[in-house]
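Input: structures, listed below.
Two complexes, one shared chain (chain A), two partners (chain B, chain C).
On to the complex of A and B.
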């Protein structure tokens, strides 16, 4: 005779609201919507670029919809905090570097990511003519 | 087989996550500048067209968009599960299909530039 196991009732849809750690996990995971959104914005730009100068200028004009600057600013901060910085923080866990018997300290891997990110960002800004 | 497939999907997810973590802050900033009407020199038609027409430009644009799309698709699949949707097969098919459509569109438009 087996006993009835006790199943703790956990909501399938709101389980992450119980705990700050789970909430941050969900805030991190939903950044995928931003990645998808900006991918398709970029694809829209490529379509305009392939269709010629007039279409490209119309695409640039369409980006000036009122309020979009504010939306992009909020998205930028959200993305930095929950995607870029979180990804760098997790990098040493996902890719530990073994040096003989020892492990390379986490902070070196994280710092290397920030340095590489700064270089890549400056390079793309330079390419785009921002700096 | 299942393990091999998982490694492949997770590999794309990790590569795409790294690429988007590195590149998207800049991309969003460029969209912010466009929204403000301050279009940088490199995004004027002649310059961006010349970049996208070069092999290096085509290759880097394709790799960034392709990997980021697959990263987003895989993470969205897990997000559906986390929000209580227990239809993994249908969700997986839908999100990977959208990523595939985006990838094909990217390749097609880059080919036409």
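On to the complex of A and C.
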């Protein structure tokens, strides 16, 4: 009897449509586009700042347009909250803590990340004069 | 005991006759506490003796009855009829070539398993007439990884392995990690080249599906992420001229 193993084809472009797990993964990964967009905004802002007060004020004004505010809101909620939620959930896998014979429950590691995030955020707000 | 008539839609492939796999339906009178494996055994014994599939222990130990059940990589001996709808689609494990019907070719993973050196390596001689003493705390560090039964459900769930089978993959990496963190082992540096190589841990983009489907609750995704940290530390050590661990 001859062996002729059959190899099932896998689509290089639509593989992530196979199940919910892969779709959620892609939603997380696609946030990199928003990171890129924010980098672009930061460079635009820096260039405007370097070009003088008039340009800087025009940049600030552009950010306050209703459409732009919407874009910022979507980026903040999707990129910051979704990405953060997903990565913090995964943190205990990469950094398990074992104390003697017992493993520290994952939720403590996740909570520690949220606490650290809140402290850093408060510091940044304080630095920016918001609080 | 209650009975249910189930329709099993089973992927068939006869390398001597078929150009590609096809599906065949079987109507099976199932007892509610049967597992899918029992239903397949019923087909084999009463309906179609030509159906080919692997199984051995029927108790989640041998790891040979892994298949796709309604698209999910599963050990068919622990996938119960009572938890499934009346129509069930059974396919061979995804991401592996099909040898025949529900039997897949596992040669690739077996070769990778050998390369990962999944055994204790000692540089110092073992203690004479003594056992290697290991504390319970040291055992619990890696114990979950010893539960792997090589069913390969994690490979069937891994999209990275699906797209590029040169990736070493979840079960082998988890097993290598199991020995790397075993307090009796001194072979971490011997496994490093393979694991930190292009096809090793860095190919994993942390989808996490491997851990979600594991029927033995092993967490290969965690092992891979921890190995990435180890690999990065080792790289810095070497860059800064430190000794290999």
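Assume the second predicted complex is superposed on the first by the 119 of 131 C-alpha atoms of A that agree within 3 Å, B and C clash if a C-alpha of one lies under 4 Å from a C-alpha of the other, contacts with A are read in each partner's own complex, and residues count from 1 in each chain.
Rule of thumb we're sticking to: contacts are C-beta pairs under 8 Å (C-beta built on N, C-alpha and C of every residue); 3 or more make two chains touch, one makes a residue touch a chain.
Because the structure is a prediction, the values reported are computed rather than measured.
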item: Partner chain(s) touched by A:80 [first = chain B, second = chain C, both, neither]; value: first
item: First, second, both or neither for A:8, with chain B first and chain C second; value: second
item: First (chain B), second (chain C), both or neither touched by A:69; value: first
item: Touched partner set for A:29, first chain B, second chain C, both or neither; value: both
item: Touched partner set for A:19, first chain B, second chain C, both or neither; value: second
item: Larger contact residue set on chain A - chain B or chain C; value: B
item: Which superposed partner A:94 touches (first chain B, second chain C, both, neither); value: both
item: Contacts of A:57 with chain B and chain C, given as first, second, both or neither; value: first
item: Residues of chain A that lie at the interface with chain B and also at the interface with chain C; value: 12, 16, 29, 94
item: Chain A-facing residues of chain C, complex; value: 13, 15-16, 18, 20-21, 71, 94-95, 97-99, 105, 136-137, 140-141, 157, 159, 162-163, 205-209, 211-212, 219, 221-222, 225-226, 228-229
item: Contact footprint of chain B on chain A as seen in their complex; value: 11-13, 16, 26, 29-36, 38-43, 46-47, 49-50, 53, 56-57, 60, 63-65, 68-69, 71-73, 75-76, 79-80, 83-84, 87-88, 94, 116-117, 120-121, 124-125, 127-130
item: Residues of chain B defined as touching chain A within the complex; value: 14, 16-18, 20-37, 39-43, 45, 47-49, 51-52, 61, 65, 68-69, 71-73, 75-76, 78-79, 82-84, 86, 98, 102, 105-106, 109-110, 112-113
item: Footprint of chain C on chain A - complex, ascending; value: 1-8, 10, 12, 15-16, 18-19, 21-22, 25, 29, 90, 92-96, 98, 100-103
